[in-house]
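Have a look at this one before I ask anything.
Each chain gets a letter, A, B, C and D, in the order it is written, and its residues are counted from 1.
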Amino acid sequence: MSTRRGIFNTVITAAFALALPLDSALAQGAKPVRIGFSIAKTGIFASAAPSQLNAYELWREQVNARGGLDTGREKRPVEFVQYDDQSNPGQAAKIYEKLITQDKVDLLLAPWGTPTHIAVAPVLERLKFPMVGNTAASSRLRDLKPGNIWFTTAAIPDRIGKELAAMLKENGVKSVALLTNVLPFSKEIKGFLEPALKSAAIAISVNEEYPPDVKDMTALLTKVKQANPDAVLALSYPSDSPLYVRQAKELGIGAKFQFVLIGPTIDFFPKLLGSAANDIVTVGEWSPARNARAKAFYDAYVAKFKEKPDYLDSSLSFLSCEILEQAVKTAGLDRSKLREAIGKGSFETINGNIKFKGVENTVTKTGFLQIQNGEVQQVWPASMSTAKYRPKTSW
Amino acid sequence: MSPARDLMVVLALLGASAGVPFLGGDYWIGVGITAFMWVALTQSWSLLSGLSGYVSLGHVVFYGLGAYVVVASWEVLPIAVSLALAAGAAAVFAFATGMPVLRVRGPYFVILTFGVAELVKFVVMAAEAAAGNASRLILGTPEIETLFFLMLALAAAATVLAWGVRVSRLGHGLRAIREDEEAAETLGVPVARYKLLAFVLSACIPGAVGGAMALRNTYFEPLQAFDPMISFSMIAMAVIGGSDDLRGPVVGAACFVFLSEMLWANAPQLYMIILGLLLVIFVLFVPEGLCGRLFRSRGA
Amino acid sequence: MSLLEVRQLSMRFGGVQALERVSFTVAEGKIIGLMGANGAGKTTLFSLIAGNERPSSGEILFENQSLAGLRPDQVCRRGVARTFQVVRPFAGLTVIENVTTAALFGMRRYRDRAQARDAAAAVLQELELGDRAEALAGSLTLSGQKRLEVARALATGARLVLLDEVMAGLTPMEVEAMLLTLRTLHRTRGLTLVVIEHVMRALMQLSDEILVLHSGRLIAQGEPPAVASDPEVLRLYFGEAA
Amino acid sequence: MIETLASGQLLFAALALGATYALVALGLNLVYGTMRLLNVAHGDLVMLGGYLTYWAFALGGISPLVSLLGTAVAAALLGALAYRLLFRAMLGARRTGPRVEANSLLLFFGLSIIAQNLAALVFSPTPRGYEYLSDVLHFGNVALTGNRLAALLVAAALCLAVVLFLRWHTMGLAMRALIEHREAAAVVGVDIDRVQIASFAVGFGTAAVAGALVSMTEQVSPFMGFPFTVAAFVVIVMGGLGRLEGGIAAAFALGLIETYGVALTSTNWRSILLYGTFVALLLARPQGLFGRRAVMR
């Protein structure tokens, strides 16, 4: 019994010891600018979050290497205050309340994912704290009250639906197979894509949905193979995108236009699938070839993390930092000035010029990327293209 | 052991924390909501599992159904009505499934309840997909202070309910069922009826809590509303606090919330690991939980 | 008048015939001894009467009313209580809580918990468990747990109590004590008892009447001296040694 | 439609799926059968096996089919260690039967959280993948990638090997004896401690090999294990807890149900079919599926 009691006490002591605040170890020198955010270190979004966190960390490193964040009067080092939201939007809302009211951070960066942004928005609104969002894409975002939150992405489902139909039409696609993961982003795209395809006179010869925990697609793809459409549009997530590609290769799906929604721009995708990943089209409005800043970001990211950035999330996350940095330079850390600066300003980013109208970035065009010989190229729209679209002729 | 005194202590603690909004500000209100949520959920879980020994690993199903009801009736029904409906839906579901599910015992019951919760999750998901939805967003939910008091009321209600069951014939019968179901039945305990009653009673408050959390999250997606981690957490809190003690869920929830507040600030990555370690240590060395260990109430 | 009547009772488990057309009656206020080798069907008979198992065919009447289709808790509330051969205490509850359960839920059905507790305490006194009331039931000795089984059965307020080997595994002194207790209870409470026992001498002393089961069939019944001299019983039950 | 159902392609998919399930469930079943421990961290061993194989390939260029031997041995050692450090004490501490099972579930859940988050901490949550044997082979009108075929063959061979081991090897016989009746096994002189270590070692080893095979075709990530745990639970409930051959048969049955069920209905029904089968089976046999019903005496 005494041993048990001993172990018990040890546990309690250990728990308290770990829980002791370490704030006393705060850095000396110029008072740092503290930037807070929540990140999904655990839970169902955990595997998606690093591409965002890495971009943040790269940015912080670069800013500090430049002597700090320029607040208009002085340069101050950047320090992050970050908490794990356990992939729970409610938890994220709580964290942003904490960041603003307890930690009294100077600035905020965005959490990962649409639901999390949406859950955080009312907090920002109530506490009047501006934040540049990044990895959120839903037409419902426009329902949010503008003023304290902005969205940088152009990959909003209604815009994707319209643009994808246009791209398919231009490339002579007459029929498609539509495979949709029932998760929110892909379902919403499907909702906008179906009417867009109809008005572009493109037939949907196979229209199927599948759950996020799918383990085998043979039955689904056999139907696709029999229908033999001109294009397959796999509205998929990172966990099932490789499954689609692998089994499409196995069955020799002949469609020349292969669209895979989320996954192809993540580093592991081509490593896992090799040549099968070639000529796959995916959503994205950024590539390293976009401009000089983009190339520099890409190189720095690869050098630091030994893997490629995610063309969607990493670039969006990084450019939201760039916007914040530029807004702070003109407005300082005063929240109302900052709000105005972000809302009305014009920013140079790794994805070119960005301006907001309401909550939305209306400058950046919705585009599509294609993996060509292992390189990711912008193939749509023409005004942003770095290469020409080419049909997929082999797996 | 004086359950009435325990009830007073717990209610006094809850009542005292009602002052948080006036002292702590938004962040602490949020912490309060989370803490009350766990008290309400764990108290409800203990009512069934702590007393009867039927360990439910699927309690999130009631929470998820409640959330779904509130979100689906958003802007159709008044909030008070949809919250009541959320509790009702959870109770009805418990009543409908309880009969067959509660025939299954021991570890089979544990994995069966998990299976039922997952099954319902995927059915809701398929139903939502068929209706063309994948997630729902609700805008214009009540202020955080309102939710705080709502959740406080739910925690208090769960505590009173759990207390009422503990001091009643039902509680006595459930304990007998936990110790030996057949012997209990032979001594006159209406086993099937009591188990079903406990199941239904332990379902209604999680239903309302799920509804309230949907208002807090302003967002509904089946994968999150039916997240099995919620079920696991209820069990872990009850185990750490002590599952056959009215104070156990409060102590367990307080430990979790305290730990997560302390740890995510300084060691966010370690939070889950330490949580896992605590669970292991308690199961191995302190199976009676903190309350059982600290306020040992029975003669041995 | 007969308190319990068993008519043509049969029970099959898979291919095994556990009981075959057993019929007998138990008059009110009597003590009936049930004998038979292991596997003869004694415990099965108890399980059928108490509602733990459903008979394949046949009928059980208690106070001239059929017990068919009743669950164990319903049978208990009619006034039949049983003990278990392998003791089944509510190990994690205290001794008094064990007995209070029976007082609350059995035939007596106290509405008031304090009254139920008082009744339980009284029963514990009768079984000389009064000083162990607050101990956990799991911590009792085997003798104590056997007494607890009896105490629980009594606390239900049952008129018919089925005692399944409550003296097995006890020392001779403990057996004597238990016999004394049972007799006292029988006298003071006017209980009707059916007793399964392997301690033959005890059974003969205690019972008004003996039933002998063999391979599921009732092969003899009558007063103890008559049964003890029945040639078939001697051959089957006592083997060559007799 | 008929054409689809009759095609060898679907059958191959069902078999490949079934073989993975069989291998994962085998270890879970063994550990449950011999010790009544419900290992909800079992899928995390699949994750571990996946990572070991990935790193061997990424850093050392070692073929997964070679490194899986090392992976199996490493996981087996981990299993033996886990038994020694944690479970021997727990099994030794006398509590009633069902509570060991219920407590083990919580215990393993704690370990699962630790394993997943430790992996996230050490390997980062970024998914990893490598390409191996990805050329498409054709057999008649059935097309399949080399890695899937290899995974199917290795998994099937390993399942067979374990079954033969249980049939013919002395230790295997002891394991079966333990599964049938713990006390009886001890009485006839089986060294229970050794058998239990062996069960842990074999159980952990086979799960890690399954992970190695999975990593050839899927990306690995710290949280990939749980779906495997779930599938394995469905399988062993279908096949009968502790019934190893039954489990293997059930795994292939599940592969068939999943593949053909989805082909006949909709892919969206996949999880509903899976959990529906699981729940229906448990409800149909409420006394548990461990072969025999506890008869009350």
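Here is the rule we use: a contact is a pair of C-beta atoms (placed from the backbone, for glycine too) under 8 Å apart; a residue touches a chain by one contact, two chains touch by 3 or more.
All values reported here derive from a predicted model rather than from experimental measurement.
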Indicate, using Cα centroids, the chain positioned nearest the centre of all protein chains shown.
B
Select the chain at the greatest separation from subunit D, using centres from the mean of Cα atoms.
C
Subunit A to subunit D: how many Å between their CA centres?
34
Measuring centre to centre with CA averages, how many angstrom lie between subunit B and subunit D?
31
Approximate Å spacing (C-alpha centroids) for the pair subunit C, subunit D
48
Residues of subunit C whose C-beta touches two or more other chains:
52, 91
Within subunit A, the set of residues that touch 2 or more other chains is 41-42, 44, 182, 209, 211
Residues of subunit D touching 2+ other chains?
116-117, 120, 268, 271, 296
Provide the residue numbers of subunit B that touch subunit C in the complex, in ascending order.
167, 169, 172-173, 175-176, 178-180, 182-192, 298-300
Interface residues, subunit D side, partner subunit A - complex:
3-4, 7, 9-10, 12-13, 16-17, 116-117, 120, 124-131, 134, 136, 143-145, 148, 217-219, 221-223, 227, 258-260, 262-263, 266-268, 270-271
Subunit A residues within the subunit B interface of the complex
4, 7-8, 11, 15, 18-22, 41-44, 82-84, 86-91, 93-94, 97-98, 100-102, 115, 118-119, 122-123, 126-127, 138, 140, 143-144, 182-188, 191, 209, 211-212
Considering the complex alone, what residue numbers of subunit B touch subunit D?
53, 55, 57, 100-101, 103-108, 110-112, 115-116, 118-119, 122-123, 125-126, 129, 182, 232, 235-236, 239, 269-270, 272-273, 275-280, 283-284, 287
Residue ranges of subunit C touching subunit B (in the complex, touch as defined)
50, 52, 71-73, 76-77, 81-82, 84, 88-94, 97, 100-102, 104-107, 109, 113, 134-136, 139, 152-153, 156
